[in-house]
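Order of writing sets the chain letters: A, B, C, D, E and F. Residues in each chain are counted from 1.
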Amino acid sequence: MPIIEMHLMTGRTVEQKRRVVAAVAEATATALGVDKNTVRILITEHGLDEFAVAGVTAGQKAEMAAAAAATAAGASEAAAKAKSTT
Amino acid sequence: MPIIEMHLMTGRTVEQKRRVVAAVAEATATALGVDKNTVRILITEHGLDEFAVAGVTAGQKAEMAAAAAATAAGASEAAAKAKSTT
Amino acid sequence: MPIIEMHLMTGRTVEQKRRVVAAVAEATATALGVDKNTVRILITEHGLDEFAVAGVTAGQKAEMAAAAAATAAGASEAAAKAKSTT
Amino acid sequence: MPIIEMHLMTGRTVEQKRRVVAAVAEATATALGVDKNTVRILITEHGLDEFAVAGVTAGQKAEMAAAAAATAAGASEAAAKAKSTT
Amino acid sequence: MPIIEMHLMTGRTVEQKRRVVAAVAEATATALGVDKNTVRILITEHGLDEFAVAGVTAGQKAEMAAAAAATAAGASEAAAKAKSTT
Amino acid sequence: MPIIEMHLMTGRTVEQKRRVVAAVAEATATALGVDKNTVRILITEHGLDEFAVAGVTAGQKAEMAAAAAATAAGASEAAAKAKSTT
């Protein structure tokens, strides 16, 4: 029977999906000693705001990281400016 | 572990999704006494004809409600016309 | 309770989805002797490269079938040409 | 492909499970026009406190119904007693 | 994210489960180029009458196979008896 | 609609399950602005060797932790013995 549902973030290429189902079917059949033909895999993709860890979506986390990077960049730019004017 | 799959009708805003996963993660962690970082939430959205109660999809139900409203509107319009012509 | 999740290949018409959920809800309620109103059905659609049997996606299988058909067509065309020139 | 996951309350007999999967496979194959051999069904059973509507589990609901019945029985018994003593 | 749900027939040993999740996590991480620590796997086991192909449960199929084997054994026994008495 | 599937480690008490579904239904209804009666929650429990992070089941992890603790205890006991004999 093995029926496997894989939840992935959207954005994988067709090539990646084909590679991962081939690898997982092979791994499952070998580890359980079953015929690979009995292994079925379903992929469901989830957008950035459809997956959350600790109540924070991947979309929010990306925004926060971008904001932090912008702040850091602004700070170092300001620091560089301050340095150059002294 | 808590891993939570939420099935929602399509159409929620990013804001709503962020709000609901934050609230559910908080509620789960508090009720079970687990670290919020262990809570993962997956949202899957379903279109109007991908959810059914009693064998009738949400799309069908909406159409039937619209048809009933149109019939009722037509009837009251006809009644109003009948009244004004008497 | 019966809550039923149906995984289908993408491409079904709205009409087909309505027909299948009506039939499945009826079948479930009758077979289990429960009120049809308690039956809820969720449909999730999967693209050609989001479903795999034996580690080969439906998309790959379709490509291989098309390639085999093209090869066969080419072969019979070549055979026909060979025949006509003799 | 159709792959169907059925969530049921625990307590169905083997006979009921066999009947429902036969009926659902037949209904699905007919409604979608697919070969019945492509239909796979998975049943997952949930205990009384593993299913909730409106945040109240089936187990709680049963307890509340039993308590209400006991109260009603007690009340009518008290009423009968009061009546017989007058 | 990869979150993977594996549906297996009941009866696998702890050793088999550990082997299959190790192999699948490794295969997934390698094929997608993600950190293995992000891969989470959930196993759900299904009894013989909780999995059906073409509307026939694995339990029914096993019974039918046993019955067919018994019939075949009976037939060859009868044939052997017939032969020995001639 | 919200239909929510919660995957938990086995071992939660009935009390904990009732508490978590009440809290999650409340949180979901409030965050999405839907009637709590439309929220359905399914709990599925997974044993120690039916959940894995990075390909290591919770059962394996517990065994490794116990082994490490035993080694550490043995080491400190040996150290204490060594000390007392000097």
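We adopt the following convention: a residue touches a chain if its C-beta (ideal position, glycine included) is under 8 Å from a C-beta of that chain, and two chains touch if they have at least 3 such contacts.
Predicted, not measured: the structure shown is a model, and the values here were computed from it.
Relative to chain C, the most remote chain by averaged C-alpha coordinates is F.
Comparing chain pairs C-D and D-F by the number of C-beta pairs in contact, the larger count belongs to C-D.
Centre-to-centre separation of chain E and chain F, using mean CA positions: 28 Å.
Centre to centre, using the average C-alpha position, chain A and chain F are separated by 24 Å. The set of chain F residues that touch two or more partner chains comprises 3, 7, 22-24, 26, 40, 42, 44, 46, 51. Judged by the touch criterion defined above, the protein chains form a pattern that is neither an open path, a ring nor a star, and not fully connected either.
Chain B makes touch with chain C in their complex at residues 7, 44, 46, 49-57, 59-60.
Against chain E, in their complex, chain D makes its touches with residues 14, 17-18, 21-26, 36-37, 39-45.
By the touch rule above, chain A contacts chain D in their complex via residues 3, 40, 42. On the chain E side of its complex with chain A, the touching residues are 1-9, 12, 16, 19-20, 22-24, 26-28, 30-32, 46, 51, 58.
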